[in-house]
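See below for the structure under consideration.
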Amino acid sequence: MSNARQKILARLRDAPRPDVTSIGKGAVESPVWDLDERIRRFTDRMTAVRAEVVETSPDTWMQALQAVCQRAGARNLLYSAASPFGEAISRQPPVAHPVTTGLESHKWKTTLFHEIDAALTTTLGGIAETGTLMLWPDMQEPRMMSLVPPVHIAILEAGKLFNTFSEAVAAMQWQDGMPTNALLISGPSKSADIEQTLAYGVHGPKELVVLLIRD
Amino acid sequence: MNTAKPKQVYFFGTCLVDLFYPEAGLAGIRLIQREGVDVIFPQGQSCCGQPAWNSGYRNEARDVAAAQLALFTKEIPVVVPSASCAGMMKEHYPALFSGTPLESTAIALSKRVVELTAFLVDVLDIRVEDLGDPQKVAIHSSCSALREIQVGDKIETLVSKLSRVDKVEQAYKRECCGFGGTFSVKQPDISGAMVADKTASIRETGADILVSQDCGCLMNIAGAFDRQGNGPRCMHIAELLWERTHADD
Amino acid sequence: MQTTDAGFDIRIRDALGNERVRGNFRRAMDGLMQRRLDLFPDAEAMESLRQHGMRIKASALSHLPELLEELEAKLIANGIRVHWAETPLEANQIVLDIMQSHGATSMIKGKSMVSEEMGLNHFLEQHGIDVLESDLGEFILQLAGEPPSHIVAPAIHKDRYQIAELFREKFPDIPYSEDIDELTQSARAILRDRFETAEVGLSGVNFAVAETGTLCLVENEGNGRMSTTVPPVHIAVTGIEKVVEKLEQIPPLLTLLTRSATGQPVTTYFNMISSPRKPGEKDGPEEVHLVLLDNGRSGIYSDPELLATLRCIRCGACMNHCPVYTRIGGHAYGTVYPGPIGIIFEPQKGGLDKYGALTTASSLCGACGEVCPVRIPIPSLINRLRYEANHSNGVTPGSGSKHKNSEALLWKAWSLLYRNPLLYRMMTKAATRLRMLAPGKAGPWTRYRTAPKPAARSLHDLARTHGVDNE
């Protein structure tokens, strides 16, 4: 197989190098909006793809979370006890059966596939232009949380809402160290594979609810 | 964009116009002469070479194109009543002659080529009085006009100058009519399906006249209408303009 | 499917005669074109973005071997294993070896055009592996035993009634429904189990970032994330041309891709994978592999003009806008990649001898080049391949294989006639004088149109009598 590698690279190196100095000119403008505008755009984009955005505050997000869980009919909620939000939830669970991500690893997959009604994650931030959440799953909030349960509830702090993806990557210097898995999530799962008609709730969550916490 | 009006221009008629739509070519010449510009029509001209170029026969295309290079040597514009032929000369002559002794001549010529409707609008800024009867006109811009040399708006402007003409728009206006030169004989059924759809959409507008800046498209669409048994009158824009705006014959 | 001239003609005729499929394609393409247009409201901004996209891809290609080495080094440092394959067979064997090393007999797939190129499913099934497509469109096609007809929306040629019938046949226990939501929910239920239990997940790659050693994937359904997160082993397959230099280049490419492909500002998920599961992490595959496939790409790379083919980001906009594709549909091409990108990529990859006929399936209308997000000059490349098909001194495999003496002689004769002013004028004089003898039947042209008749006098003649100067 290293033979294939050598042969492929040799062929590529033998080829003349195209001169790309004059290829493609033109700058791409990036929008800059104030916070209200960013929230408005984010909410519009999310709502257009059937995600729900609940504007709330540091004082009221727990009530909002409880209302969301009730509406979704969630008997349980998976969350990370390690986050600041998690501590509050542990003290005052919004559901009858809260489940922390501290559960044993060998039970993780089965629990997620068969038992969890809703999972709550924090987010790295959001993107206003496209109505997008950025997640860097980690040991406390593993990636299946935002994928397997039918309901995904995400906490987005308004101060971390960027104008564009480019801006977010540059501001947070993603290139300095990417996590195992970085995710952009822009709504509940959907497909248009049948007659180009949108159908929601395919393999990822059927519902996405964003708790947008604004100071 | 109004470039200065030249005193003199060449007219490159194109082979299709020469043999099948000569009146359109003559109308183009007259439209230019009427604006006080001298027209030179080198009798030695024939074809820009595009049919062979598009069929993958570049050497043969080059031989024919080279013969044209020898005829248009003065540093004056070369006006062409076809967007696809103008496109061939403007966009592809440099590549066609790349690496040959005629390369710089070809590049120089390519810069002087201007498609007729672009010349009438941008350079001559013609003013016309519409003396014709009220008619409904649909416009078909060739793919070359729309996408290759991007002069599609010029024919729209020209038709708008005709005050007694009602412009109608067919569905799928920007879609290819199916001519594509040798495409119409190499893939006749696909081409046939495309021209069938094109004629249907034009017929639906109730247009009296179908006008285009390209005779390839005209030949294709007119031929299809003719086979189907009815359809609007198909004309080149030069013919339409001349017919409706000149008082004597 | 090997394309031959004869086979292609038959498939075209069948496709043109199939009213139902033609209707499905017309509606689908119209929708996709409009959706794309809606997401590019500002023509100038769109052009700037396309220029930017072209620059990013062209620049990456200009030092492709170095970037591939950088990508490989970074991936390995991240714990991702890298394999190289010259041919589809080699790539298939690599995938099989990985599976067998784990004793795995089941695979769940996210959508991957490269895996179609490899013929992976068939190969694995021959070796006793159970392969399941999880993308809804691919899942439907797998049930129907059909290949994709579009690179982004694989089942675009089917309407809901055909799909309902298919589900009824394959899943008799599920109540019959023609409702799209219900059909989708059925697919969700069927596949859920398989996501949980699959031993290996396979995906393609939309962009591979050399700077960070990251594999990027776009999707809407969540099946891609499922396939690359749940099974203990993830195998990604990609062409060598998919590598991008810097992470900061991903956002513009992503927006170009999603807007051009489906008219979305972004897809539901954008999945960026940089390593297997790390110690302490609860989920994610323990092993991640990347298979880099050449399959003719390094050959394309050797020609400065044809190299532009490799800029393709597989958005499908070209075929969405192609009047030929709209009328004959994807299957008529008989290739993995159909439409405009297909007719330039497949002959260069598989040889003009087998695929040269594809280059005739274009009127060179330029609708494709107008929308390509990375500005591949597709009509110019089609033109170039037509030349290569007829002349054996070309760089493309099979160059000269479509040379026909009769056609070559025709153009020679045409050239002799048209480059000689005297002969040309004699010809036109004869044609105009003898116009009434012009044939009413002129081959394929007159199947759909009346034959054109020469005018009574040529323009040369009219110009002369009108007193127009000769020089």
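Note that the chains take the letters A, B and C in the order they are written out, and that residue 1 is the start of every chain.
The working rule: contacts are C-beta pairs under 8 Å (C-beta built on N, C-alpha and C of every residue); 3 or more make two chains touch, one makes a residue touch a chain.
Quick caveat: nothing in here was measured; it's all calculated off a predicted structure.
Chain centres here are means of the Cα atoms, and by that rule the chain farthest away from subunit B is A.
If each chain is reduced to the average of its C-alpha atoms, the one that sits nearest the average of all protein C-alpha atoms is C. Remark: subunit B and subunit C have CA centroids separated by 33 Å (rounded to whole angstrom). The centroid of the Cα atoms in subunit A and the matching centroid in subunit B are 54 Å apart.
Rounded to a whole number, the gap between the C-alpha centres of subunit A and subunit C is 30 angstrom.
Residue positions of subunit A with contacts to 2 or more other chains are absent.
Against subunit B, in their complex, subunit C makes its touches with residues 12-13, 16, 323-324, 327-328, 359-367, 369-370, 383, 385-391, 407-408, 411-412, 414-415, 418-421, 424-425, 428, 431-432, 443-455, 457-464, 466, 468-471. Chain contact summary for the complex, subunit B toward subunit C: residues 11, 13, 15, 17-23, 25-26, 29, 38-47, 49, 51-58, 60-61, 63-64, 66-67, 143-144, 146-148, 174-176, 178-181, 183-196, 219-220, 223-224, 226-227.
Listing the residues of subunit C that touch subunit A in their complex gives 24, 27-28, 31-32, 45, 47-49, 51-55, 58-59, 61-65, 68-69, 83-86, 90, 94, 134-137, 140, 153-156, 158-160, 163, 180-181, 183-185, 187-188, 191-192, 195-196, 211-214, 220-223, 225-226, 229-230, 240, 246-248, 250-252, 254-255, 262, 265-278, 280-284, 292, 294, 298-299, 301-302, 304, 307, 375.
Across the interface of their complex, subunit C is touched by residues 1-2, 4-5, 7-9, 11-20, 23-29, 45, 49, 101, 105, 108-109, 113, 129-132, 138-139, 142-144, 147-148, 164-166, 169-170, 174-175, 177-197, 199-205 of subunit A.
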